[in-house]
Each structure stands twice: as structure tokens, then as C-alpha cells.
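Each of the next two complexes has chain A plus one other chain: chain B in the first, chain C in the second.
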Partner chain A sequence: MRPRTLLLVPSLLWFTAFFVAPLVLVLIHSFGRMDLVTFEMRFDWNLQNYRNILDPIYFRTLLRSLALSTSTTILCALVGLPVAYFISRQNDRWQRGLLVLVIVPFWTSFVVRIYAMVNALENGGPIDTLARDLHLVSGRINVLYTPKAIAIGMLYSYLPLMVLPIYVALERIHPSVLDAASDLGANGWQLFRRVILPLAVPGLAAGAVIVGISATGEYVIPEILGGGKTLMLGNVIADQFLNVGDYPFGSAIAVSLLLVLTLLLLVGRGTQRMEAIT
Partner chain B sequence: MNLRRHGFVALVSLFALLFLWAPLAMVSANAFNRNELLTGWDGATLQWFREAIGDAQIRDALRQTLIICMLCTALTLPLAISAVLWWRGAARRARRWFDVLVYLNVILPEVVFASAMFLLFVRLHVSTGLVAVVIGHSVWNTAFAILILQARLSALDPALEEAAADLGANTWQVFRRVTVPGLLPGVLVAALIVFTFSFDDVVTSFFLAGSQVNTLPLVLFGLIRFHVTPEINAIGALVMIFTASVTLVAYVVLSRVNKIRRGALPTGLA
Partner chain C sequence: MADRNAPAVVLDWNARLSRRRLLACGLQLGGGLSMAAILAACSTSSNNGGQQSGAGGSPSVPTGTITMNNYPGWIGKTEISDFESQFSSASVKTKSEPTESIASDVLFFKQNPGDYDMGLEDQSAVGQMIASEVLQPIDFSNIPNIKYVDDTFRKSYSHGLPTDYGKVGVGYRKDIVTEGITSWQDIWNLAPTYSGQITFLNLDRDCMGSALKYLGYSGNSTTESELEACKNALTEIKPHLQALTNTNVAGGLVKGTVAIAMDWDFDMVAAQQKEPNIEWVIPSEGAVAYLEGWIAVKGTDNLPLVEAFMNFHADPKNYAGFVNNTGTAYVESAATPYVDEAISKNPILFPDQDVLARVEYEDYLGEATALWSKIWDEFKSA
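Entry: the complex of A and B
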């Protein structure tokens, strides 16, 4: 072994013992069965745990997770694209300042951010008061502790993760490219549809992957903003491991979550290839 | 700023920034609010900060959090540094495999990682607690530190080391006088970021803390599920100031270093 290879040993051992091994353990356990009275593990090597996920209670949670992460990703893209474009069209100084303004909230403590959202969305909180003063709702807004609050909380948490990659993609567009399009008679919509959007696609794709994956596996946000019901897969996994103690079933859900994410990634890559070809 | 030309996007951006900042501003303002029920503004007070700092549970949690952060940083850095030193000169294929491992670490939903680690400890009959939390944090933080150091290294031109070798420096001297100074700002930034990530973590800690360990984010996580109180606002404001200033230091260090070395070393790592 060359001496240089020795440098790899510590981190490789580290990742093998505490990253690969635990995940393999989860995979193995997903085919096992646990007696919830005696807490004895048996390995029957069948798919019973996976079949149990098809039970409407859990399957609905799976669908809800996907619906919430999809809508969060779309919301992030809808808001993130104009913001990233706006930042990318400023001079260097303003760009740096605006980027800091987008990133700093992301760097402040995660729990505190979610807590701030609880404050904002509460009945009797500022949004509720505003909505009632403007007569937008009769009674209360009743958003907190619903799936809507989870989507808003995830948009709030992940927006910077969408803005940054789109900004990186758009920042490279030279102003003269946009000027040329305008000079050739493109109106605002055509400029967006034919020039800006195609150039933003790599950034949008990167942002969608990061936001989509984070959102699908989210645990803290549904726990707090969703009111602690088992609203998303992350909560069901945590519940199985920490409260119920059914490790095999928890493992099967964890493996399924990873399978779903892999599938989404592959579909995403596939459509991108298709677009590249056509 | 070119506002008129970008009327619509400017408006969306303004609202987005407001959306990002207003809730944090509200927490900070309410930390000083004399009105205990937070139904309105009754003037400023430092009472909630006094109560937060005087709370034994909070102080103990802060102490444990800092111990975990420091141990995690101390464990993470050598692992990451040695990994990137290998990575830099490794064969392309090996590098790619290693990159996949690192990216998987970063991208894996934390709740899956945390349950897997929890299962590992349960099956090995090792009790969870401080050590488990430190190990857990150090796994994905090593991956983040590797990414940061890789970015720094790719900004470091190999020609510098070759030049040093041509001028008669031996392997150790090249490493000591060229590679280390080049890598150092990256190490500093990685240390600050790992520290903040560990300080801020909820999920891994929640699964691996057991009954003995309580970190500050876990205390907050427990408290905010039930109620909103001025004291939590005060703790939140303090935590915000802490994490924001650590990252600000990292940012300033980075831009300073890049400025000083401009010309001597190519800049990179944003």
C-alpha cells in the first residue's frame, strides 16, 4: 500500500462503521419481525413489513409526504426564480448584499426559525390579525397545526436552498444577451420563456433536488408546525423507532423513503435527458 | 439598483426578503417585550434574558451542547483533512467512488441516518448518550468538512507545489510551507461550519441523546411544541446571535484571506 493511501483509511473506516453499516443494518431489519411483547427479533426474510406500508394509514402518509414536498418544491421555484433573477441583475455590491440577506436567515438556528413560524402563523398572531383586519377571513385563519403550515414552514426553511443554485446559473448571463433579445423584438414574456428560463434550468434542477429531498424526509417541521401528528414519513419512522419500538417496520419505511427518493432522482434525470435530446 | 426595469421581480424579491426576515425580527423584538402574554407591545425589558440565563436547565443544556460541538469539531477535522489529502492525489475512479460516499452522506435524510445509528447502538447493546451524539454529528459533519476542504484545495494551484519542489524543497517542506498554508483558511471555515451545524442539530441529537443528555436545540424543541413564551424568545434571540456571528466570522475570514492572497493564490471557495 502506498503511504498516500493510508490517509484514506481513517475516514473510510469511519464512514463504513457509522454510515454504511447502520444503513445495511436497517435494510436487513426491514425483512425481520419483532415481537412487540417480548422484544425478540426474528428474521423471516419476507416482505410483510413492506406490505404493511400499503395499509391506508401509512400509505396516506406516504402520499401526503410526496404531495407536501412537491408543493414545497414548486413554491420554492416560483418564488426563488424571480428572486434569483433580480439578484443576478444587480451590480456586484448589491448582489453580495442581497445574497447575505437571503443566506443569513438560513444560517440562524433551525429550531428558532421554526419557532418563529409558529409565532407568525398562530391564531391571534400577526398574519391572523392582518387577515381579520382586512376582512379576508371570518373568524380565525386556523393555519397552524395543519399541512398548510408544514408547506409554509418548508418554503420558509428551504427558499435559500432554491435561490442560490438558480442565482449561480443566472449570474453567468451577460446583460448583452438580454439586451440583444430585447433589441430583436422579444417582449418581457418571450425574454423570460426563450432566454432566461432555459438558462435557469440547471439551477432549478439542482435546487429542486436539494429542496425535494430535504422536504420529503423532513421531521422537525411537521412535528412542530403540523402539531405532532404522524403527518409525514419522517414522523412515522421516528415514532416506530422511538415510541413503538417496532424496528423492522420503521426500517421498512426508512428503506421505502429512500427508494421513493431514488426513483424521483432517476425520473428527474430521465426527463432532463429527454429535454436535452428534443 | 435598477428598480423600474425589474418592477415585478423586484416586488417579489422584496416580499420574499420580508417573508424571510419578519418572523425572525418578531422573535427578537418579543424577547424584549414586557407583555408576558405577547398580546401587544408593553415596552422593553431585559427580564426574559435574565430568566433565560438564570435557568439551570438552559445553562446545563448550553454546557452540554458546547462540549458536544467541540468534541465533534475535534473529531471531524482530522478525518476530513486526511481524506482530502488522499483525495487530491488519488486515481480518478477512486475519487469518484469516494465522492459518491460523501454526497450520499450529505443528501441522506437526517431522520433515516439518525434511526439507522439508533438501531446500530441498540443492536450492539451500547447505550446512547453523549458519545453517541458526538459520533452521530461527526459522521455527516465529516462529509460537509470534506466538501469545504475539497473546494479550497481545488483553488490551490498544484503548480505552486511543483515550483517549491523544483526550487529544492523536500516533500515535507512542500507540505509544511505550501500545502498547509493554502489549506488553512479552508480548515478554519470548516471548523466554524461544523461547530455551528453541531450546535444547531436537532434530529441526530433527538435520536441519540438518550435520557441523560440534553442539548439546547432539544430543550427548545421540547418547549416550543407546547407554548410560546417570552423566555423562549430570549433564548432564541441569543442562539440566533450566536450562530449568525459564528458564520459571519467564517465569511469575513474567508473574504479577508482571499483578498490578501489574491495574486499569490487563485481565489475560489465561496
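Entry: the complex of A and C
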């Protein structure tokens, strides 16, 4: 083995022990059965847990989680693209400062940030008070514990994960490319549609994967900002592991979610390859 | 121990880290994320020697060290050091494991045999622990001070020493809900009027248990048809709910953004200090409550010391120290002379017998646990 290959060994060991092995354990558990009275586990390699997932309640929950993930990804892309473009067109010093501002929320605990959103969005909170003082609303804003609050919370939490990869893609665009397009007669919209957007696609794709996959398992934000009235797939998995103690069923749901996301990724990748060929 | 000659005590209820609040927070946030953050620095150990003296008539002086699983601060301020002072070679270590549910408690004990000698568990957990064979039976003849525990609680807590309980009732703003509330039926009737201003607890045992009481069923029902009816009743009121929440439940009542809240008694006591217009009732149909206490864990090699500690805890003066430190509803009337009046004279924490008669303690559901979980998921998904 070449010496430089040996440099991979620590990472591979870590990856195997703390990523691959747990995944394999989850997969094995998904074929087991837990007696919820005695909490004795049996591994009889049956598919009952996967059959239970076909119950409409869990299927609807999966669709709901995918819908939330999709809408979050689209929202983050719509907001993140202009933000990333703006940052990429600044000089180095401003770029560094603006990127720090994008990353700063991650310096605080995720849960703390979401609870801060509760205070910000509640009736009588600062946003509500400001909106009424500015006569933007006649009554209360009534945002907290509604789907609007979930959307705001998701956007707030996941936007940096979209901005950064798009920024990396756009930052590589040399200003002369944009100048050339303008010189050839492209107006602002044509410049965006024919030059900037195509060059931003790799960043958008990376951001979509990062945001989409993370958001699919999200349940803390709907639980806190949505008032706990909506069941997400993450809730179900957490409930099975932490509340019911049915590890095999929780594992089966987790494996199913993993398979669905992997399938979507493969389909997306296949589509990209087809477009590249044509 | 409470100093009864001290000036009137203003109790900081918000500083009391109640077990139920921690449990609820943990369940909500899942994964032990917040629980680990809150409890990471809270393991305490106590390993002092002390003077020799017997308490409560134990046949021999216990020695050794026991480890208790308990929530941080959920004990009398000086209780452990006082116990160690009375028993020369005995010591008590306290650990707080960030488990979020009965199932995770039981699984934790199963997977870590011998790590703990005793723990604080509610009656539904006791049943689960018996079924899972992680509970150590105790000899009540070694705990003579159990005689001070009121019969109501003694009969409802089968395999250990009951210590405290928490009732699920209704808090409401009497200046907003001028109709007044005396029953769960009132809430369902008033829901359209106060739509968007009502919160329920985000715990299946408490929320579904309350709905079952509304329907006239047992709060521990395992009958599928009754649980379906419970789900339908909750689904009916769901469009009018502002939120299902376990954290800062009374905060909305204090601010006036919530008019009616399903909430625990200890939470209401704190809220009333901030907003006197908050009323709390045990509905006429009844209410569910958790009843918790000390149990011995199977695998303990020092059962005599565990029983000695339980006996010490049950002594009225020591027990009053626990109540004064936690501000909880308490189970020993004999301790009343030593309990702070802010607690002993509070009808929410020390209710009349006719109010207590309407309270049903949450019990083990057996094989119906999975059914409850499914019904709860169906309600949340509706």
C-alpha cells in the first residue's frame, strides 16, 4: 500500500466505526421484533415492520415530510440564489464579512435559535409589535404555530446551507464573462437566464441535496414553531425509539426513508447525466 | 428542613426543575439533545461519612454505597447529607440519566444491570419494570415510615415508596373566559368561541388520558373502541387548538395569548404568581395524574440500604424538606406542619379529598402501549 494511501486509514476507520457500522446495525434491527411488554428483542428476519410502514398514516407522514423538504428547498433556492450572487459580486473584504454573517447563526445551538424564533414570532413579540406600530397589520400577525411559522423557521435554519454552495459556484464566474454577455446585447434577464443561472446550477444542485436531505428528517421545527400539531416522519422515528421503545419498527422507518432519499438522489443524478449527454 | 419561624417564603416556582417538565422537554425535542445539554453538568455524587444512628426502626444499621437515578435537585436540600450523617458507613450517589420516557428508562436499566440501586419512577413505569423484570421487590416491613403516606397514594403506588404526584387540569384566564370552566365538556363547548386560544399538552398519556375522562372512560383505558372515541374527540377539537405543547405551557396564559390551557398543577401555581387572573380546575369528569416514587432496581446488592433511605425519606420532617425544595404536590398529610404554607395552604397542591377523589393515576398499559402510540400518531396526523 502506498504511504499516501495510509493517510486514509484513520478516516476510513472512523467512517466505518461511526457511520457504516451504525447503519448496518439499524438495518439488522429493522428485521427484528421487540416485545413491548418484556422489551426482549428477537431477530427472526421478518418483514412485518416494513409491512407496518404501509399503513396509510405513515405513508401520509412520509409524503408530508417530503413536501416540507421540497418546499423548503425551493424557498431556500429562491432566496439563496440572489443572496449568493450579491455576495459573489463584492470585493474580497466584503465577501468575507458577508459570509461570516451567513454562518453566524450556526454559532448558536439549533434548539436555542428555534426557541428564539418563538419569541420573535409570537403575538406581542417584537415582529408583531413592529408590524402594528407601522400599521402593516390591523390586528395581530398570528404567525406562530401556523404553517407560515414553520416555513419561516425552515428558511431561517436551512438558508445558509443553500447560500454557501451557490456562492462557491457563482464566485468562479469571471466578471469578463458577464461583461462579454452584456457586450453581445444581453439584457439583465437574459444575462441571468443564459449565463448566471446555468453556471449556478451545480451550486443549486449541491444546495438542494444538502437542504433537501436534511429537511426531510426535520421535526423539531414543526414541533416547536408549528405547535406540535403536525406529524412528521422524524417524529415517528424518534417516538418509536425514545417513547415506545420499538427499536425494530423505528429502524424500519429510518431505513425506508434512507431508501426513498437514495432513490430520489439516483433519479436526480440520472436526469442530470441524461441532460449532459443531450 | 423548613424553618417555620422564617418570614413568609416567596417560592420561585420557575426555578424548580420538575421531573415532568424535564420529561416533557425531552420528549419534545427528542434524541436527548436538550436533555443532554441540560443534564450534562448535573451529575452529582455524594460520598460523605456521618454519625451513626438508626431511623424508622430498621433492624440493622445499613452500610455501603447506593446509586440512585434521580433528576437533579429532586430531593431535599440536605436530605442526602442528613441521611449520611445518620448512617455512619452509608453513602448515596446521585446520577441523572437523560432518558425521555418509560420505555427508555426500562431499556436503560435492562442494558446497565447493577449500575443503579434505586430510581424515581411513576406508577406506569413501575408496571413496565415489573413486566420487564428490572424491578426489585422491597420489604415494606423495613420501611415503617410508609405509614405516614396517605392511603390514597399508598394504594395507588404498588411496589415502592410514593413521593409526589402531578395532576393534569385546566388553567384559564377568568378575565377572558368569562363563562367560567368547570368541566372538560365546557372546553369542548367553548372551543369554537376561543378558537386559536387553547393549548393542550403534547404528551399522549396526559392529553389522551384527559380526553378519556371527558368521555367518561378510564384514563388508563386499553379498549380499542374507547381509544378510537378518544381520538375522534381530540380530532374534533384540534382545529381550535393553538398548539400542543409541553414547554412554557402557562406562559401563554400569563401573556393573555392563550385563554384556556390543559396544564399541570405545579405549572399553574407558578403562573398564578405572575397573573392572578389565572384559574385552575380539576374538571368535574375527572383528571389524570402521574404518581411517582422510589423503587429498587433489580440487581442491587444493597437492598437494606435502599430500604433505609426510603424509610428516611418517608419521615415527615425529611419528607417536608423534599417538598419545600421541589414545591411539588405531596403525599404525606403528616408532613404538613413542616411544609411551607405557600405549598400546604395552596389548594392546587394540597387539594381536598373530594377533589382528589376525581383524580385517576396513570398506570401501566401493558400490551396496549403500542395501541396508544398509534392512536396518538393518528391524532397528530389528522
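In this section, the second predicted complex is superposed on the first by the 229 of 278 C-alpha atoms of A that agree within 3 Å, B and C clash if a C-alpha of one lies under 4 Å from a C-alpha of the other, contacts with A are read in each partner's own complex, and residues count from 1 in each chain.
Please note the rule applied: a residue touches a chain if its C-beta (ideal position, glycine included) is under 8 Å from a C-beta of that chain, and two chains touch if they have at least 3 such contacts.
Since the structure is predicted, the reported quantities are computational estimates derived from the model, not experimental observations.
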First (chain B), second (chain C), both or neither touched by A:Asp246: second
First (chain B), second (chain C), both or neither touched by A:Ala238: both
Touched partner set for A:Phe39, first chain B, second chain C, both or neither: second
First, second, both or neither for A:Leu25, with chain B first and chain C second: first
A:Leu159 touches, of chain B and chain C: first, second, both or neither? first
Contacts of A:Arg89 with chain B and chain C, given as first, second, both or neither: first
Touched partner set for A:Thr70, first chain B, second chain C, both or neither: neither
Contacts of A:Tyr145 with chain B and chain C, given as first, second, both or neither: second
Chain A residues touched - chain C or chain B, whichever exceeds: B
Contacts of A:Thr61 with chain B and chain C, given as first, second, both or neither: second
Common interface positions of chain A, toward chain B and toward chain C: 109, 111, 122, 124, 219-220, 223-224, 228, 234, 238, 242
Residues of chain C that touch chain A when the two form their complex: 26-34, 37, 100-101, 103-104, 106-107, 110, 131-133, 196, 202, 204, 238, 241-245, 255-257, 366-367, 369-370, 373-374, 377-378, 380-381
Complex interface listing, chain A residues touching chain B: 4-5, 7-8, 10-11, 14-15, 18-19, 21-23, 25-26, 29, 79, 82-83, 85-87, 89-90, 94, 98, 100-102, 104-105, 107-120, 122, 124, 126, 156, 159-160, 213-214, 216-220, 223-224, 228, 234, 237-238, 241-242, 247, 250-251, 254, 257-258, 261
Touching residues on chain A, where the partner in the complex is chain C: 36-39, 57, 60-61, 64, 109, 111, 122-124, 142, 145, 219-220, 223-224, 227-231, 234-236, 238-240, 242-246
For the chain B and chain A complex, residues of the former touching the latter: 1-2, 6, 8-10, 12-13, 16-17, 19-24, 26-27, 30, 39, 78-80, 82-83, 85-87, 89-90, 98, 101, 104-105, 107-113, 115-120, 122-123, 135-136, 138-139, 142, 146, 196, 199-200, 202-203, 206-207, 217, 220-221, 224-225, 228, 232, 236, 239-240, 243-244, 247, 251
